[in-house]
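Chain naming follows the written order as A, B and C, and within any one chain the residues start at number 1.
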Amino acid sequence: MSKKTIILFSGDYDKVMAAFVIANGAAAMDDEVTMFFTFWGLNAIRKPEGGGALTGKPKSTIQKMFSAMMPRGAERLRMSKMNFAGAGPKMLKMVMKSENVMSVSQLIETAQEQNIKFIACTMSMDVMGIRQEELIDGIEYAGVATYLAEADEGNVNLFI
Amino acid sequence: MSKKTIILFSGDYDKVMAAFVIANGAAAMDDEVTMFFTFWGLNAIRKPEGGGALTGKPKSTIQKMFSAMMPRGAERLRMSKMNFAGAGPKMLKMVMKSENVMSVSQLIETAQEQNIKFIACTMSMDVMGIRQEELIDGIEYAGVATYLAEADEGNVNLFI
Amino acid sequence: MSKKTIILFSGDYDKVMAAFVIANGAAAMDDEVTMFFTFWGLNAIRKPEGGGALTGKPKSTIQKMFSAMMPRGAERLRMSKMNFAGAGPKMLKMVMKSENVMSVSQLIETAQEQNIKFIACTMSMDVMGIRQEELIDGIEYAGVATYLAEADEGNVNLFI
């Protein structure tokens, strides 16, 4: 039993999948796991339906553009290769289903059930104009110092 | 003397090259090295000539499409930047040769000669419809639990 | 107080930014930090004005092409997603400024002030035809063996 940390920087469906397969695998082996979502990785934990009325500072025009153009939630993510305007992820998901591999949204649910700690990077949220209401529930909000404190305790620390 | 692990997720020529330079460097310093090939990284260890008659479950139509579109073997990989429809890798290889830098296929050969352990991710193989006969010889097949057990013993664990 | 190493392989503005935020955060917590710049990551530490008269072996035609096409310096880097022919980075920088987030060139300056060790990968420099005069001052030049020696002392080693 040890600790693992993963920085999820990527918002590509295939990389997000890899991150959660590793995280869930470690949690299943009784490891403590912390995932730190930054930049495009935040898209994997956005609520598909948006956040309703947002509190805090209003988004700037550029932040509204970023938010509007970035995929909302795991099942809308694109692939890093062979995306083919969305056909790639659809095909990938069909094969995953027929091979009994969990979808990314199921992997995320499992991760939360296994008490994997999700931390959303507040600096990235500020830059991209993502508000807490727009992200899934049950997560923490912190910056790089918190990540580093977690990684100091980890014996495996990955950047994905 | 210690242990290193590398997850090779990427199938880009430049990233695969970086992975093998690090792996071979560590092995040359008497480190034990394990490389775990997953997703696009599997393309680096596909046999260029395919696998002949395949055993096991027949590939689905989508899996056949994936297999057909993905590059077979190290020297057919694309670059992550400046690929220019294949001209990028060709130019890169010309410079590498003139600078006496090993090609990726030579790096892979050297890695096997140095007894670097190659593990192909079985879950990715299932999803992408890649069969054991299509991958180079002398490798192992396992899942995320095996990777994690190796990484627990590593003092440097990279995701590339 | 411990040691961290980061291989910066990527030359994307967003990934370079993530690397330096982590590096500076660790240095601010009194960690020793080594950054190893390889491949596209070298572009982040190129002098914007070029290197003037270059010493050493003359660049080959392909190397001249590579040098000419790759961005010179941190503020000319592209984004890994939503680059939009350069509009993406411009918009990102505008938001970063309004959110009081340091630009990548400021992050690099801070890193040097905090005595983060910069090592440029000599093998990548050879391949890409980048000469020492073209890179910023105050950095070291070494190969994979030096990286591995540093990483052996690190408790967090990332590949970005």
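Miscellaneous remarks
Simple rule for what comes next: a contact is a pair of C-beta atoms (placed from the backbone, for glycine too) under 8 Å apart; a residue touches a chain by one contact, two chains touch by 3 or more.
Since the structure is predicted, the reported quantities are computational estimates derived from the model, not experimental observations.
Overlaying the C-alpha trace of subunit B on that of subunit C calls for a turn of 120°, given as a multiple of 5.
Where the sister copies subunit A and subunit C meet, the same residue numbers recur on both sides for under half of the interface positions. Averaging Cα coordinates per chain places subunit A and subunit C 26 Å apart. Counting partner chains per residue, subunit B has residues 157-159 touching two or more of them. If you check the complex, the residues on subunit C that touch subunit B are 7, 9, 11, 38-40, 60, 62-63, 65-66, 69-70, 123, 126-129, 143-145, 147-148, 151-152, 154, 157-159. Across the complex, subunit B is touched by residues 2, 4, 14-15, 18, 21-22, 25-26, 28-29, 31, 80-82, 91-92, 94-96, 98-99, 101, 155-160 of subunit A.
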